[in-house]
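The following blocks contain the structures, represented as structure tokens.
Both complexes shown next keep subunit A, but they swap its partner, so subunit B is in the first and subunit C is in the second.
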Partner chain A sequence: MVIKVGISACTGFDYPEASITRIIAYKVLEELRPDETVLICLPALAADVEEDIEFGEKYPVIVIEGCNKICCTKIFEEKKLAHNIKYVYNIHELIKEYPDLQISSSLLLTSKPQVSSNLEKFMDKIAKKIVQDIDQLIKEANK
Partner chain B sequence: MSIKPKIGIIACSGENKIGGTLSRAAARIVVEKLRPDNTIILCQPLFMAGGLERHGGQEERDFAKTHPTITIEGCEEECAKIAVSNYSGPPAATIYVEEIMKKYPELQPKSKRELGVNGMKLAEKIAEEIAKKVDELYNK
Partner chain C sequence: MPEHKKFVVIACTGMGKILASVGRVAAFLAQERDPNKFILGNLPAIAAGIENAKSEIEGKDIITLTGCKEKCPEKILRRFSIPILADIMISEVYRENKTLKPKSRSDIGNTGLQLAEKIVEKLQKIIIIQKEEKCD
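Showing the complex of A and B:
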């Protein structure tokens, strides 16, 4: 079986952190590891859509939470799939380590969110860490 | 003077299809620009995570039980409608983004990540339809 890594990210859109989460997830899924990852769509998982449940059962999962309400983790728990979560990134908490980052509501309603160069660097850094985890999970699975 | 309750907007928050991005953008246009005094966004992931005992979205679920709520569906899976029906009762109305997209074939969004000029115009059209539904419910 070809092992992929499931990525499930906060899908909120009322907080700037959710937009950051979404951008990081896209970077990983579409740019950095498109062949090694699958998106597990959170609303679809909650609504029992077969494909997303199957991904959650079959693959190790990396969760990217937008805030401390940790909705992704809770939904995986509810679906009895939390045992497959291997890494959790909480953007709200990670941002605290970078006090110079400017997070504003301009991230919310635009065709393309306006991202400062500092924020871009932060997102790249987190995306690269997630990529390391993906590579590690695939290496372990193929041992 | 009577104060009318706000109307909840709960949009598809899916990431896999363009309908998810359009749903979110349209919902924000309604709540921020078109009907800011009459509507409120209910966070779908929080709603689905639910349960006060788990510090989840019980407030969202309770709101949808006691207020008219419109679901915005990004695709045929109707995840928002399923979530609201399961936890709060049937939504007051449902808007299907894919149906509105078909009405405006000239407005093609650039991508899921970046709607582009035409995608934002399409989101405005979707938002106008949601606002119409808000008015219908608000004036009932």
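Showing the complex of A and C:
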């Protein structure tokens, strides 16, 4: 079986961090590891869409939470799939380590907003960490 | 001052489909344009059982923006017995505006933004119709 890694990200509305989460997820899914990953769409998982449930059952999962409500984790728990979550990134918490970052609510307005170079660096850094986790998970699965 | 009646917009906010990304932007635009009329409902938080995400929308008129045939907003809200006043199927708005093809799911581009504006127009029309019906 070809092992892929499921990526599930916050799709919330409450905080700009939700948009940052989304951008990081797309960066990983579309640019950095398109062949090694599958998207597990959070509303689809919550709505029991077959494909997303199947991915959640079949593959190890990396979750990118936007805030401390941890909706992704809770939905995986509700679907009895939390055991497949291997890594969790909480952007709201991670961003606290970078007090200089300017997080504007205008980030919420488009799906690919203009961001400051500092924020771009932050997102790249997180995306690269996620890529390391993906590579590790695939390596372990192929042992 | 009487409080304005507000409508809750709940976009599917899915990440897999391009039209879901358009719906997300449309919801933000509607709320930004007219905060006295629209508030946003947070679908993943409702699905995750976050209590104030549900209590914030309870008893209010809800308009859903559906991104694909799976109709996730409808399925999730039904599970929590939350009624929907109206739904906008984004694929139908796109069918009516075929020239406004969004760029991609991660970047809807200018045409996607224009399509989002068309959805905002539909939202505003729904509100006008509701007000007219209430006056009749």
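Here is the rule we go by: the second predicted complex is superposed on the first by the 140 of 143 C-alpha atoms of A that agree within 3 Å, B and C clash if a C-alpha of one lies under 4 Å from a C-alpha of the other, contacts with A are read in each partner's own complex, and residues count from 1 in each chain.
As a working rule, a residue touches a chain if its C-beta (ideal position, glycine included) is under 8 Å from a C-beta of that chain, and two chains touch if they have at least 3 such contacts.
The structure displayed is predicted, hence computed values, not measured ones.
Partners subunit B and subunit C, brought together by superposition on subunit A, clash. Looking at the shared chain after the overlay, A:I130 reaches neither subunit B nor subunit C. With both structures placed on the common chain, the touch criterion links A:C71 to subunit B and to subunit C. By the touch criterion defined above, A:V61 lies against neither subunit B nor subunit C after alignment on the C-alpha atoms of chain A. Of the two partner chains, both subunit B and subunit C are touched by A:A44. Contacts of A:A25 after superposition on the shared chain: both subunit B and subunit C are touched.
Contacts of A:G12 after superposition on the shared chain: both subunit B and subunit C are touched. Common to the subunit B and subunit C contact sets on subunit A are residues 9-14, 22-23, 25-26, 30, 39, 41-44, 46-47, 49, 69-72, 74-75, 78, 108-109, 111-112. Remark: subunit A residues 9-14, 22-23, 25-26, 30, 39, 41-44, 46-49, 69-72, 74-75, 78, 108-112 touch subunit C in the complex.
Residue ranges on subunit A touching subunit B, taken from their complex, read 9-14, 22-23, 25-26, 30, 39, 41-44, 46-47, 49, 69-72, 74-75, 78, 108-109, 111-112. On the side of subunit B, the complex with subunit A involves touching residues 11-16, 20, 24-25, 27-29, 32, 41, 43-46, 48-51, 54-57, 77-80, 82-83, 110, 112-117, 119-120. Considering their complex, residues 11-16, 21, 24-25, 27-29, 32, 40-45, 47-50, 70-73, 75-76, 105-108, 112-113 of subunit C touch subunit A.
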